[in-house]
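Heads up: the structure comes next, in structure tokens.
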């Protein structure tokens, strides 16, 4: 999975009918210090994520295996909201603290 | 999904028979300020997109899950026409306004 | 799908038995001006493509959805021979004219 | 598969229900001399890997084919703990020796 | 498919049980002049390839469609041993000759 931060939303009225009701979020890839990387994705939210939260996204066919994306034309889904990232014995991110 | 702009079309008479009737569009990846990136795709249109529109494409196996691409040898499909992109509380794109 | 030009062939006697009879072509990715990019693929031909032709390839699982590649260990297939590429109202490529 | 080193962990309370009980590890891609590369993944552990170990990860749909990830929204899984890497007749890595 | 050269082996005692008996080889991507590129893969061998041989690998889900990898958590498999690469009417590689 890829570590991302939710930074925005996309509205699309005209879309594949299976996407009706799906929340489309803009998520930006981040590094292990929570700094933004160049790459971003438009991902379907399956866990109630909000702007500013650090999340995990699953890409490719695995994005279709959440409760809300099965059999939909979706190649990126938010599958978890991250509470803690620990690397090398050091806490790099803790939800609710400045990141 | 990946944010793209429709920039052209491809005509192909000789093709896998399952592609008969599929509209093939040239879509160029864009960044969150709607500036073109280097990467482009030839995608099957499933939503009636036209040149100049900002769209979402699904890639990989998920491109086969639209109403018009099921079981076809297609690895990129336009699944939505974007109306609004909002990032960091700011509207970055609104359909019908200059982009 | 990815725009490529057929530039060569690969011969492989010892291979997975399901590949028997598959024609393996070397295809080089091109940009919208038909200039070669760094990336190339070895793709199974499903449409009778020949050297010098501009083609579309499907990659990943979608490469297994042509008439000749079903259930084969193939991750790139030529699915169409391109006749015309039009970008921004301009014909960038027309088959049979110098490219 | 991709050669990685386990460098950390991720805790996520709110997540797709199918991920309950899955151990999420931070794995960093390494080169054949075991030097870290820029890319990292959050992978589900299927073999009991620990920090500092060199592992193989499977990505994409194949990540769902381990004993613990079937049908889950997971695009990266640790599938093996590496004991020895040999390249060009030379042992590049042996578990338990300084790497 | 991707053109690679077999350069080494990986030994892993602790691994997903479905990998028991699979031979794991280190393969390095090469260009059309057989020069090594930066990228390498750990691939399951399905054709009896040996060190120094030029091979084709299939990646992603297609790697699970060989005789020995079906339903296994494998995202890269050697599917053919290359005898000849011809590009632009010129033989770039012939097995058994210096490469």
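Points worth noting:
We just call them A, B, C, D and E in the order they show up, numbering each chain from 1.
Everything below uses one rule, namely that contacts are C-beta pairs under 8 Å (C-beta built on N, C-alpha and C of every residue); 3 or more make two chains touch, one makes a residue touch a chain.
Since we're looking at a predicted model, the values are computed, not measured.
Separating the centre of chain C from that of chain D, both taken as means of CA atoms, is a distance of 33 Å. Taking the mean of the C-alpha atoms as each chain's centre, chain A and chain D sit 21 Å apart. Chain E has residues 60-61, 63-64 in contact with two or more other chains.
If each chain is drawn as a node and touching chains are joined, the picture is one closed loop, every chain linked to exactly two others. All chains form one closed ring of contacts, and listing them from chain C in the direction of chain E gives C, E, D, A, B. Looking at the complex, you find that chain B touches chain C at residues 7-19, 24, 26, 40-43, 60-61, 63-64, 71-76.
Chain A meets chain D in the complex at residues 1-3, 31-32, 46-48, 56, 58-67, 69, 77, 79-88, 92.
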